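The same subunit A turns up in both complexes below, where it pairs with subunit B and then with subunit C.
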Partner chain A sequence: MIEINKINKWYGDFHVLQDVDEVIEHGQTVVICGPSGSGKSTLLRCINGLEPFQKGEILVDKTSVKDPKTDLYKLREKIGMVFQRFELYPHMTAMENITLAPRKVRKWSKERAQDKAMELLKRVGMVDKADAYPANLSGGQQQRIAIARSLAMEPAYMMFDEPTSALDPEMIKEVLDVMVELAKAGMTMLCVTHEMGFAKEVADEIIFMDKGKIVERGTYDDFFNNPQTDRAKLFLSQILD
Partner chain B sequence: MFDVIGRNFVFLMGGLLTTFELAILALAGGIGLGMLVGLARLSKNPWIYYPITAYVNLLRNIPLILVIFWFYFVMPIITGDAMAPFPAAVIAFVIFEATYFGEIFRAGYQTISKDLTAAAFSTGMTYSQTARYILIPIAFKRMAPSLITQSIVTFQDTSLAFVIGLTELVRRSSIVDNMEVRSIELYGFAAFVYFIVCYTGSQISLYYENKAREVNLI
Partner chain C sequence: MNFAYDFDWSVLWRDPYGVMLIKGLGMTIFLGISAWIIAMAVGIAVGTLRITKYRLLRMIGTAYVEVFRNIPLLVQMFFWFYAGPMLFGETLSRQINRLDGLAIYVSIIGLGLYTASRIAEHLRAGFASISKDQYHAVLSTGMTQVQMYRYVIIPYALRLTIPPLTTEFLTVFKNTSIVMTIGVAELTFQSYQIDAETFHGLEATTGAMFIYLLLGMTVVKFMDLVERKYKIQGLMGR
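Take a look at the complex of A and B:
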């Protein structure tokens, strides 16, 4: 369980997160949407300790992210993260990308890490690309490898930061299919995305952020059919055409 | 006319060997230390950033020949022990070249996106694992042409060690010249040897540059 308790973050004078509150229960999929600059990426980066925040508290399985005694490296092992621009290691093959952390962090043998990687490549439908370099893969293929790389650490949580927004339309589905399958298999997920079809299919809750605040939250039907704020209405009308 | 070279060939080649030994140690040390200097130059920790930045700015604004002199003449005063020319030259070169290689690596690290580093951290890798397996190898590949160019410059610069009496190629040429007074042939030969080594190096650099552009892999 991830508990976000009234966190506040500033970049200098700029109040980027304001009293953000949220609880993500085990097995849930939460979708975060909102206009550019509303603080969605910043929120994800606070959860796994990539960015510090000044006020409030985040607990991951009751472990405080803010506590200086917390081993952030250990904590990050259980929170996978997928990025808009894939961020595969360009000098490594798909297989090497996936096996690096299990081998260096978990100290798995090469064989064990490769067995795990093959299982994941199968899961994301990329077995034949094990030895390809990122530059020779399409965006959709790179993103599926990136998902496999995160899953290789056997995380309890997965965070996605606009995983399909850098993709050509014909590749979006292949990535969403993998994410839907993950959600249905019971992974706890936090997804920043504007793919409302995905939200409809798997989201337990949708959070709408604007200017560093959560201004609306609810189920897909609540949010989609009955938005409360003008900001959300405007946002929905923009992403629907 | 070139009989003077033939007669002294073994002696001169012994000098070239010293040149190579110095160059290899200077490059290994300079590049190795440079990788870390480049990381330190991007550090958010002021205790790391400021001292290393001061060191880089200091050394990059002093002529190499003075750095060599300084190590040779001043270090013994501090340590109380006279230093042989070869180790003095190696230390001076490593410390000097690391600042130049450090700036090349810094530029290489800066081509790596913040999110790529975040991706590595998000799998639980530590800073040093990320540096070792991600940042350094990528910077190495992307900056290969500049690294080779700087290596060629370093190789040429090793001739400056003759000022502290290191008997490398140029020094040995001058020793023979003092006995036989055949400056044109001797220094011509030394220049030719430097040219061959450096030209080969620059061609290798060009090859990698073209290959990198073609493949556009990294």
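Take a look at the complex of A and C:
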């Protein structure tokens, strides 16, 4: 379980997260949406300790992210993260990308890491691209490898930061299919995305953020059919164009 | 045309001068490669210090680069040669001064440390061109800072930096000519030596020039091969 407790973060004078509260229960999929600059990426980076925050508390399985005694490296092992621009290691093959962390962090043998990687490549439908370099893969393929790379650490949580917004329309589905499969298999997920079809299919809750605050939250039906704030109405009308 | 000068190109191969030039070339190559090894090791370390999240380490890295980059190499070389041994205290410095080939060690270290400051700068530019999310992607898998630099960021940045590193590698060989001033018998030194003994410095220097030219072209060819092997496919347009 991830508990986010009234966190506040400033970049200098700029109040980027304001009293953000949220609980993500085991097995849930939570979708975060909101306009550009509303603090969605920053929130994700606070959860796995890539960015510090000044006030409030985040607990991951009861472990405080803020506590200086917390081993953040250990904590990050159980929170996978997927990025908008994939961020594969360009000098490594797909296989090497996936096996690097299990081998160096978990100290798995090469064989064990590769077995795990093959299993994941199968899961994301990329077995035939094990030896390809990122530059020779399409965006959708790169993103599926990136998902496999995160899953290789056998995380309890997965965070996605706009995983399909850099993709051509015809590739979006292949990535969403993998994410839907993961959600249905019981992964606990936190997804920043504007793909409302995905939200409809798997989201247990949708959070709408604006200017560093959560201004609306609810189920897909609540949010989509009955938005409460003008900001959310405007946002929905924009993304549904 | 009359130059009032009797050319004698045989100083380029005549005994003992031909052998002197070849020995000079050997020394130049030895100095260049040895200095390059030091430069890469120190340059990577200093370049990485400059972007770590620890302020003190960043300041050390910056100070290093500023000092070595801004003082003329010739002055640095004299400094290491005359003052360097004294940095080790009185008794040790006396022993160091008696070392055989001290000037050669000083040359390698001086040239290596100077070139390291330049490599560090190129590498820093390489690090800066890697997106913040790329760093985050590595850390998000549970890797430590050290693992992140070692397995992903440094190998990636080095590949991005191959073109300027080619120039630096070439420059190391050219800069070796400076160490004749502290008496190391590299190629330029030997051509001067031939002049001193035969008064045919013009031929000797011309010969040395062509040897440097061939050496430089070989280095560039070699770096082309390195680039072809390590270039990240399709990345350059990113």
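The working rule: the second predicted complex is superposed on the first by the 241 of 241 C-alpha atoms of A that agree within 3 Å, B and C clash if a C-alpha of one lies under 4 Å from a C-alpha of the other, contacts with A are read in each partner's own complex, and residues count from 1 in each chain.
What we mean here is this: a contact is a pair of C-beta atoms (placed from the backbone, for glycine too) under 8 Å apart; a residue touches a chain by one contact, two chains touch by 3 or more.
All figures in this text were calculated on a predicted structure; none of them were measured in a lab.
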Original post:
So if we stack both complexes on subunit A, do subunit B and subunit C clash, or do they fit?
Top reply: clash
**OP:** Mind working out whether A:Leu50 is in touch with subunit B, subunit C, both or neither, as first, second, both or neither?
**Re:** both
Original post:
Thinking of the overlay built on chain A, is A:Tyr11 touched by subunit B (first), by subunit C (second), by both, or by neither?
Top reply: neither
**OP:** Check the residue A:Glu87 against both partner chains and state whether it touches subunit B (first), subunit C (second), both, or neither.
**Re:** both
Original post:
Taking the superposition as given, does A:Lys74 touch the first partner, subunit B, the second, subunit C, both, or neither?
Top reply: both
**OP:** Using the superposition described at the top, list the residues of subunit A that contact subunit B and also contact subunit C.
**Re:** 45, 48, 50, 73-74, 76-77, 79-81, 83-85, 87-91, 100-101, 104-105, 133, 135, 146, 149-150, 152-153
Original post:
If you look only at subunit C, which of its residues touch subunit A in the complex?
Top reply: 131, 133-134, 136-144, 147, 151-152, 155-156, 159, 230, 232-235
Subject >> Residue ranges of subunit B touching subunit A (in the complex, touch as defined) >> reply: 113, 115-116, 118-126, 129, 133-134, 137-138, 141, 215-218
Original post:
Residues of subunit A touching subunit C in their complex?
Top reply: 45, 48, 50, 73-74, 76-77, 79-81, 83-85, 87-91, 100-101, 104-105, 133, 135-136, 146, 149-150, 152-153
Subject >> Interfacial residue positions of subunit A with respect to subunit B in the complex >> reply: 45, 48, 50, 73-74, 76-77, 79-81, 83-85, 87-91, 100-101, 104-105, 133, 135, 146, 149-150, 152-153
